[in-house]
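You will see chain A twice below: alongside chain B first, and alongside chain C after that.
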Partner chain A sequence: MDLTVEPDLNSLITSSTHRWIFVGGKGGVGKTTSSCSIAIQMALAQPEKQYLLISTDPAHNLSDAFGEKFGKDARKVTGMNNLSCMEIDPSAALKDMNDMAVANNATGSGEFSDLLQGGALSELTGSIPGIDEALSFMEVMKHIKNQEQGEGDRYDTVIFDTAPTGHTLRFLQLPSTLSKLLEKFGEITARLGPMLNSLAGANNVDLVGKMSELKSNVEKIKEQFTNPDMTTFVCVCISEFLSLYETERLVQELISYDMDVNSIIVNQLLFAEYDEGDSCKRCQSRWKMQKKYLDQIDELYEDFHIVKMPLCAGEIRGLNNLKKFSQFLRKPYDPVADSKVIYELEQQD
Partner chain B sequence: MESWLLVILAFLVLERLWPLIDSLIQRFAQANSTKLKELMHQRQAILAEQKEISAQDQYVKWTKNNRTLEKINKQIEEEKKQLLSQVDRTKASLKKVKLVLITVPFTILKFYKGKMPIYDLPKGLFPNYLQGLFQHGWVYLALGPLNIKKVGDGTHVTVSLAIWLFALLKVVSTLGNIWESLTAPAIPAPTITTDPIDQTNESEKPPVDQPVD
Partner chain C sequence: MATELSDAEKRKLLRERRQQKFSNGGASSRLNKITGQQQNSFLSSTSVLDEPKVTPSGNKKSSNVSDEEVEKSTKEIQDLLSSIPGNKDNSETDAAETNPEVALFQQLLKMQQQGGGFQNGSPDASTPDLFSSLLNNDTNTTASATQMLPNFVDEKVLKYYKFKVSKLKSYIILIKWALLAPYVYFIMHPNPTVLQASNLLSQIVERSNFFSIFTGLEIVFISIYYQMLKKLQRDNNVTATQNAGGILKYLTMIPEGILPIRNIQGKIGLALEYFDVASMYVTDICFVLVLFGVMKYYHSSFPISVPIEPPIAGIQ
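Let's turn to the complex of A and B:
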């Protein structure tokens, strides 16, 4: 039996079961370019399906990558009818929540109402650590609900352009943390349920009901995130020590969360020995260093799909450039035959 | 009479020595955990190796060692848990053994032979209620108001086994307390420093244990 793993993402791109794909790694390694590339290739490979690319990074780059503005609501990418993008904006979402709270308290008066009018809720909650992750999580729950109830836009696969490693790990820990928290809360509400409901006040909020609904949703997410047929994580790195070190940390953490991780995209490779003409000394020595770490990646992650992506002459921005670049996720980059592409990108910008 | 006394003394010694037997058996169980010892040795060896190599120059080896270390740490935790549960089980079994072999027979024996005279004291040496207590045991105090038990006639008052044992145990435990207080490590008095808050330069602090570029 042949146990070699293909150096491409064909199996993921043509997968019909994956619902959640996370793309993450250290800052500045090309997570956004990689997630856009995966999303585009999936959308091209399976045109009958709908894809959503969500940026959960507080410093959003999706708009810059596609060269068009995306907001907190999903919008189709111009030129693609089955790929939408959205950027989760904590401050805007919190402002909406504040406005809703103001509207609900419009009839009331007093200090609390005055406080809300000043946007205190959004300011207070905005400063809570991990609020970005919590809002991204809420977005996941919303999509699950939409898919189940057939409401709103339905997407077959959601691709996450995640924040740097630390944020992402916190986000992925949320289901199990919330699950434990809600379990504890459930024990309390079982005893104090009616009292808690009466504390919820005149708004007739069924606090216990809401909590149990939230719990079942969280359990569902937890189940889906740990199902390798439904969820996978694509690590992105560059061929340098610190990036490799963080990738290893990420891989080990993901394994400890029971999450599927079997693909690594190594970006910004120079392939200097195949350069047309004489490449500079700096490129040659940097490529030598990259090769050293590439060998180590191959040795450490022998059962992973290791996709080697070239460093392009220009920025990879706009749908056309992304399409050209992303083809190497399906057909491994050949430094001799495909070298023209990396210069073509520059000409288009 | 003397043979009974010897049996009782033997029980007494066994009861006193039981904690020692208990800890010896537990230590034996811990010492026999070869897997844990082996894992600890492996961990030590890997840690020593990790100190010798540079993460940046030998990244593969360093990472593989880290992975192995993580696995070993998990195994050690598991082994420790198993060992603790084994020790708990042994403790529970030993408790039962002690109950069956020492506590119950000793109690029965004390109850059964409680009134057995151990030695005589000249009458009049102690107040009457103490002499009654020596002769009849604690029951004399309980039935004292009813005046049922009386100090026997004769020139001597016998001391019963129950009272003798009670006195002996008191003496032994007091001696034990004195020994413990004499051999306990002294608690050092808290040092009062008047030094200002540590103002060492950031650069003088030891480096953080993580790879650097």
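Let's turn to the complex of A and C:
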């Protein structure tokens, strides 16, 4: 029985079942580069499908990684017909909500409209902790709704370029927390349903109906997130002590949420022993340290797809550079044969 | 002959193999392996997978909750509760299972710890939030954790308080009825000659004075009960509104300002307290009425024969 695990992401990139792919890890390990690489390779491997790359990190990097501006609405990457990107921007989303509230109240009593005119709602809610995660979650719900109703843009797979570990875990716990809250709320509304509806009745809002709809959507997301055929998490790390520790914690947390995690991308490897010409003493020493942790990674994650990615000579920015770099997700990097690629990256102005 | 596995089967097998490696303390051992690489590492090697579960849905107990100080502070009250007959809900686990708010609170607390990064569970300074603010109010995080569990402690205290109130009420009623029963006996007696020896006693057993004496007795006992109730509330730090039932819970959901009466919760809480006291008075009236019936029946069925005094000589 052959249970060896390939050191690449071919099975994920060519997967036809995955709908949600999360890419996460400690800050500064190359999450954005990795998520862009996965999205590009998936889009190239299955051109008939539509992919969406969403950045949920409050400090967005997607626009810089591709070298073009993305906003809160999905926009296709120039040069790729089946890959779109968007950056979730809490302040912009909340401003929209504020404007909508102003518009809705314009016909009613002027006092509330006046209160919201200066963007009070967005200012008030913008500082709420966890608002980024909540908005990302709303985005997920929107896509599920679109998928079901056939409205708006439909995407076969959504790839999340997530925020550093803590934020991401908070986001991933939202379905179960919300589910619990709504369950509790359901108990109350079962008793007070008519009263609550009569309170909200002035604006013709079916509060109980809305809540049960939200609950069913949350349950659906929870179910999809824990289905290993539909959702997976790709951990990104570098070969260093703290990064390895945080990756292990992340993997364990994800397992505790019943989420599938089977791939680890180890970024910024030096492969210094294969360097041509004068070898840099600092690089050699750092590579020695990296090798120590790489051995440990190999031992700890023998049942995971461990993809070893090289540290490139230049910045990996722009679609062409990302395409060159991302090829190593499908074909493992060979320090001898592929070494020239790491010096080939185009300089972005 | 080697069997060929499909991709799905292979994925499933690998998944099971991975989960097996993280189970039965394996997760902590893996973390230990990593932290063992570094000398003087302060990183925790206790895995979330090895923490005891508090709910059947798989939510883990917060590490802060299991803190020694919290355990110590709650142990005393738990011991008290365990001594209360019929009280089964005396464990932390049960509290979370029976009270979804507790489980939810613990989950939110855990999310906060994760949100703040892993290093020593310290909050992420770049993203201050509600829990961080609460923690920052007190330099001692352990003490804060204790403070952050008021629901858990209040729930126990409330149960204990309710038990004490029931006990107090029972004693007061028992003493009152123990006094009222003989009093009604003499009031209903057709010929209470024994008590007529004293003027005061004869005044007491006078039927026309019954209502005044009964009401006086009620006022004394209700005052004693009310004072002792207030003392209990002070001792247990429980307010009347906390102890009130469903009506107040629903009232708390109505935002202030919607109803024309200000502080309606406080007013209704006070009214409920008066109702409790008034109900004691009504109960006593009912008891006395029943006693009247019983005594009337008793005296008519078993009349006490009055001794006939011998005729005085000379009068005949």
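Quick note on the criterion: the second predicted complex is superposed on the first by the 339 of 349 C-alpha atoms of A that agree within 3 Å, B and C clash if a C-alpha of one lies under 4 Å from a C-alpha of the other, contacts with A are read in each partner's own complex, and residues count from 1 in each chain.
What we mean here is this: a residue touches a chain if its C-beta (ideal position, glycine included) is under 8 Å from a C-beta of that chain, and two chains touch if they have at least 3 such contacts.
All figures in this text were calculated on a predicted structure; none of them were measured in a lab.
Asks: Chain B versus chain C on the shared chain A, clash or fit?
Replies: These partners clash in the superposed model.
Asks: Quick one: is A:K184 in contact with chain B, with chain C, with both, or with neither? Answer first, second, both or neither.
Replies: A:K184 contacts chain C only, not chain B.
Asks: Quick one: is A:E253 in contact with chain B, with chain C, with both, or with neither? Answer first, second, both or neither.
Replies: Touch partner of A:E253: chain C, not chain B.
Asks: Go through the superposed model and pick first if A:S285 touches only chain B, second if only chain C, both, or neither.
Replies: In the superposed model, A:S285 contacts neither chain B nor chain C.
Asks: Name the contact category of A:T78: first (chain B only), second (chain C only), both, or neither.
Replies: After superposing on A, A:T78 lies clear of both chain B and chain C.
Asks: Between chain B (first) and chain C (second), which, if any, makes contact with A:Q296: first, second, both or neither?
Replies: A:Q296: touches chain B and chain C.
Asks: For A:F304, using the defined touch cut-off, is the partner it touches chain B, chain C, both, or neither? Pick first, second, both or neither.
Replies: The second partner, chain C, only.
Asks: Should A:R170 be classified as contacting the first partner (chain B), the second (chain C), both, or neither?
Replies: Touch status of A:R170: second partner only.
Asks: Now for A:Y245: first (chain B), second (chain C), both, or neither, which partner does it touch?
Replies: both
Asks: Between chain B and chain C, which one contacts more residues of chain A in the superposed model?
Replies: Of chain B and chain C, more residues of chain A lie in contact with C.
Asks: Any idea which of 1-9, 37-45, 55-63 or 109-117 of chain B is the one running into chain C?
Replies: The answer is stretch 55-63.
Asks: Under the contact definition given at the top, report the residues of chain A touching chain B in one complex and chain C in the other.
Replies: Residues 241, 244-245, 248, 252, 296, 300, which sit in both footprints.
Asks: For the complex, give me every residue of chain A touching chain C.
Replies: The touching residues are 1-3, 5, 11, 129-130, 164-167, 169-170, 173, 176-177, 180-181, 183-184, 188, 192, 228-229, 241, 244-246, 248-249, 251-253, 255-256, 258, 260, 262, 292, 296, 300, 303-304.
Asks: How about chain C: which of its residues touch chain A in the complex?
Replies: 2-3, 5, 7-8, 10-11, 13-15, 17-19, 21-22, 27, 30-31, 33-35, 37-38, 41, 43, 47-49, 57-60, 100-101, 103-104, 107-108, 111, 114-118, 124, 127-132, 250, 253
Asks: Please output the residues of chain B touching chain A within their complex, sorted ascending.
Replies: 55-56, 59-60, 63-64, 66-67, 70, 211, 213
Asks: Touching residues of chain A toward chain B in the complex: what are they?
Replies: 241-242, 244-245, 248, 252, 293, 296, 299-300
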